[in-house]
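Notes follow once the structure below has been shown.
All chains are identified by letter, namely A, B and C, in their written order; residue positions are counted from 1 within each chain.
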Amino acid sequence: MAAEPLVRVDNLSVTLAGRGGQGGTRPVLSDISFDVAPRSVLGIIGESGSGKTVLSNALVNWVQAPLNIASGHIFYGGRDLLALPETEMAKLRGREIAYIGANPTVALDPTVPVGRQIVEKLMEVEPGIARAAARRRVIETLDAVRIPSAGRRFDEYPFQFSGGMMQRAMIVDALVSNPKLLVADNITQPLDVTVAAQIIRLLRDLQNDFETAVVFISSALGVVSDIADDVLVINAGRIVERQPAGALTRAPEHAYTRALIEKVPRLWTGAQTPAASHAADVVLEVRDVERTYVVPDRTTLFGENRVRAVRGVSFDVRRGESFGLIGESGCGKSTLSRLLSSIEPPDKGAIRVGGQDIAGLRGKPLLEMRRRFQLLLQDPYNAIAAHASIGRTIEEPLRIHGLASGAALKARVRDVMAEVGLPADLYDSLPVGLSAGQRQRVNIARALALEPSLMILDETLSALDQVEQARLLALFETLQQKHGITYLYISHDLAMVRRVCARIGVMYLGRIVELADNAAIFENPRHPYTRALLSSVLTVEPKPFLPETYLLEGEPPDPIHIPQGCSFRSRCPFAFDRCAREDPALVFDGAGAAAACHLADGQLPQAAPLIAAGGHPIPPAN
Amino acid sequence: MSDIALTARPKNRGVTARIVAGAWSSTEMKIAVCIFLALALMTLLAPLVIDASATKITVADRFLPPVFMEGGRFPYLLGTDQLGRDLLLRSLIGLRNALAIGVVSVLLIFVIGCAIGIYSGYRGGWVDVVLMRITDVQMSIPVIILAITILGMSRPTAVTVILVLVLAGWPTYARVARSVTLAERQKEYVRAAKILGASDLRIMALHIAPSILPSIAFVAVLDIARMMIFEAIFGFIGIGIQPPTPTFGTIISAGTQYLLNAWWITIVPGCLLALALTSLNLMGGVLERSRNLVLQGKL
Amino acid sequence: MAFAIEFFLRRLSQGLLIVLLVAFVIFTLLRVAPGDPIRIILGPMATATAMEETAQKLGLRDPIPVQFGRFVLDVAQGDFGRSFIRGKQGGASGGSQDGAMDMADRAPVMGLIATALPYTLLLAGLGLVFSFLIAVPIGLAAGLNAGRWQQKLGLYVSSLFVSLPNIWVGVVLIYLLSAKSGLLPAIGYRNFAYAIIPAIVVAVEMSPVLIRAIAVSIASNVQEAYFDIGQVRGIGRNRMIYRHVLRNAAVPLLNVFGAQMIGMLLGGLFVVEYIFSFPGIGLLTINAVFQRDFPIIQAVAILASAVLVLINILVDFASTTIDRRLKF
């Protein structure tokens, strides 16, 4: 590049000091050197633990103990940021160099309205500006990032913003002072796919308008290759490769990069899919289940709001199959999981396990049902109590159900530990040093000790990295073949569901909007929401459903104010007047597939042909 | 803000062990524990070693100053009071009584308060509302008013003093245990236990209690000191354990009349009490800090 | 607005119920305690018939709920009854020998409380000012410098102060500042100077709680992500502290103040007034206990709990205006 670089990082090394000053130091970043050209987007990709967040902090000279900059320079405008006195650096931060972090919900003071805090920042970095002018500019910029009714939103508090809204506000906060460099650290990580896709498109547009150079850091290759001009791959604190974005995915040079690309799951091109299920008898039967919560409404005297979390959900799970429920946050998945696990009863409808309604069960029959029907939770850290040893934790269900005691109890626990791949010598240790994957194995072992015939996996694998996820999926498969266990996966992870679930239900705002076989859902979905979900997936492969056609506007309505008629119409790119009048029912066709949409087959656009990055059409999987 | 953040592998030790170890690593803790153990040992050994009486009146030996002052003599290391009784011995016995009352009342408060708190938080609904309104009522009566009403109107004994302290103290623990339980109830391990089929009682006793009680217990050390101060105040006002049993309150109260001529009667025992309380409070304070560090994942 | 109305309606009605329950508990406790109040009113020489006659007249032979109902009705009209012991002109006049006793010349409880209240308020105010003067600098320094010597100082000072029983501090200060050096007056009340030593004692008792609360709430806010991110966003550290950290720390502080400190203050005032013969509510009450002067005790207990309840309601409301999340 001919232009003088905006930022030049030169041999940067950062070390982590041992605890309490002892134990020496270990390197976190080693000999990092790169340039950022003005008005360009540099993507930095690395797995968690690669040191990329530390690098992003170093770019704004915000490295704090126990981290320590061991050597190197970061030149900006001819000056070394790392050598600048704090007062000089403070003048650059927020003004010329802006930063956006991964977790927008904690980035602002929770007790002050969002707009006021952005004005505060603007006035701090541009001392001359009048308050009224600052306010006007902030509202204009809020408008520019498509925050609806920006004037009203200005005075709302951070907790009233959703994650996606908040991230937009942080983008406003960063860009309002027209910075020359923006460091965006993993900004889409906590967001749902459809929202993340909006944020990426927004950032790309704004980067053009504001002529800002962006350093975009992420652990998702799909995101980085989508937005960046150049991509830097970082592994264990070292740069392994730098290439233009297109070239990187096409022709990675370094083995690590190849492995990284390899790990990105495929949904279409060469996707792994499960065999179609042929079982006939229904193990779990969910019929018209509804759940509404009543919460106080603070805007009217003694007012109440009704949160309609689950609004009439029905599906069947057949013996020995894997059924998947997918949807974004707020779609009612977690409420449904609570209902299914009999933590609370549904207001209406029935949940039958082996023909028996579980809602009214008490005492012994409930215990019996729990033995056959287990649920694995999402969070491997909180699902296991910290105070009990691993062996004791796995013993617990056997004790509760009085299934074994003494030597037999220990032997049974050792058996299940071996089955899930936990070393036997962990029996007496506490869970404190275990990795997320090992914890999840403890969790699995504990449920498995009861020899259940039906297991719900509620986001069970979403806290794990790709490698560990793949291992556990293989374990689940083995267990399924060996014990004939039926699985219900509840997840937001499309790739995982694509890989393991024979039949899939898509949830939106407390309903199932589409229910079909794996192939139908991924290759020929009949509901626009399913297509939007698929279009937002960040992959390194060509997609049959393109964001240009399906990208959703705005965010899901809150479950208090559900739109009349079709509840998806407020975001649907294809909504027409009938959608506002009439709530579409979930209609099954002959093949057992169903979609709740007025647009019958063929009225949605054709799926795009899958064009490989090289330009040749690729035949669809299967 | 850092993902590398401190993935350095923690030692495989339970939370409680880490809190105690973290506290013990500080010098303050070691000093406080030594002082406390020394004082506790003295209260047990002193009556066997010192050749004097805590209760026998010896008119000839009235108002003797401590030995390190002019006019002081053995065996009255810290002098005598207005009735010629050995001050050191009286203080140590007073300390023993105060400690016993403090420890017993805090134990009771801890057990009763936490049991009610866990139950209230776990059950929720109207049970929770009723129990919490009861704590409201109890906490709306200042301790001293409650004490003077109950103790001042009856004949105070060690048992009634403990009763008053327990009555005054349990709501705080019930509140704390309840609020922690509310948070804990949402955690997945509780839901996991339910799904496994554990009964409510089992969840409260075997799952929630072991996770939340240790961290509350560390703060209880501070309350032992607080209860000892209340015991002294009751004695001072004349509504504590009655003479001739030595308590700090009665010693200090009696000494105020002779302040100008025999200041040591009030000052010296007070110093001893303050020393004991400081050691307790320092222990509690360090434990609390260590607990917070551990809970924040910094230790 | 709807929120404020609903909040106060709900909390005040709850508070009223709480105070009523407190009143009932205290009222009952006093009446089941040993010792016949008539004996106290009439003195040791009264005849059995005179005692019975007075008891009937005062309604003391009715069932406790009936007595309580009557009492509540009176209180609702602002009448807390009359002292058993104290005469209108001040001083105890208990034990007149002339048979049945006319309650009319005993002092009304409200009057006694009104006379004593300004002294107590003076002592409380001065004590709070002193404790803030001690605690705010130490607590702030400790909270902003976690892990450094300031935090240790905070720990030491609060551990030491919380270990000093107020009765003992009172006596030591009387000895050092008054009896020995004559710097300040100490016993009774004649002018403002008499309030200084007692206020110091109150401050020594209160400041450790305050130091800890300030240090903890500031330290935890400094660790919040918004503090660091704010500085990266370009807002200066000092501005972040003054505009954001202090504001956020105020919520837990207000709670400590309402839930802990006011209760402590009330209790502390009682003891301190007793030590210094300071003519406030505390001294009035403790003397009333020794004289078994029930009307005074119950009135003070009820008013004290009403004050506690009210302050807690105000504190909670203030918290919701600082942190809007608490409304939801």
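Going forward, a residue touches a chain if its C-beta (ideal position, glycine included) is under 8 Å from a C-beta of that chain, and two chains touch if they have at least 3 such contacts.
None of these values were measured; they are calculated from a predicted model.
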{"item": "Chain contact graph, described as a line, ring, star, complete graph or other shape", "value": "complete"}
{"item": "Contact-richer chain pair [A-C vs B-C]", "value": "B-C"}
{"item": "Euclidean distance of C-alpha centroids - chain A vs chain B, Å", "value": "48"}
{"item": "Intercentroid distance (Cα basis), chain C paired with chain A, Å", "value": "52"}
{"item": "Length of the line joining the C-alpha centres of chain B and chain C, rounded to whole Å", "value": "22"}
{"item": "Where chain B touches two or more other chains, by residue", "value": "1"}
{"item": "Multi-chain contact sites of chain C, meaning residues that touch two or more partners", "value": "225, 228-229"}
{"item": "Per-residue overlap in chain A, given as positions that touch at least 2 other chains", "value": "62, 101"}
{"item": "Contacting residues of chain C [partner chain A, same complex]", "value": "2-3, 5-6, 224-226, 228-236, 239, 243-244, 247-248, 251, 322-325, 327-328"}
{"item": "Chain A residues touching chain B - in the complex, by the definition given at the top", "value": "16, 18-19, 28, 48-49, 51-54, 57, 62, 66-67, 101, 341-343, 366-367, 370-371, 374-375, 377-379, 382-388, 396-397, 400-401, 429-430, 432-433, 443, 446-447, 450"}
{"item": "Of all residues in chain A, those that touch chain C in their complex", "value": "60, 62, 64, 90, 93-95, 98-99, 101, 103, 106-112, 120-121, 124-125, 157, 159, 173-174, 177, 298-303"}
{"item": "Chain B residues within the chain A interface of the complex", "value": "1-4, 6-16, 187-189, 191-199, 202, 207, 210-211, 214"}
{"item": "For the chain C and chain B complex, residues of the former touching the latter", "value": "14, 17-19, 21-22, 25-26, 29-30, 33-35, 152, 155, 158-160, 162-168, 171-172, 174-175, 179-180, 216, 223, 225, 228-229, 259, 263, 266-267, 270-271, 274-275, 285-286, 289-290, 292, 297, 300-301, 304-305, 308-309"}
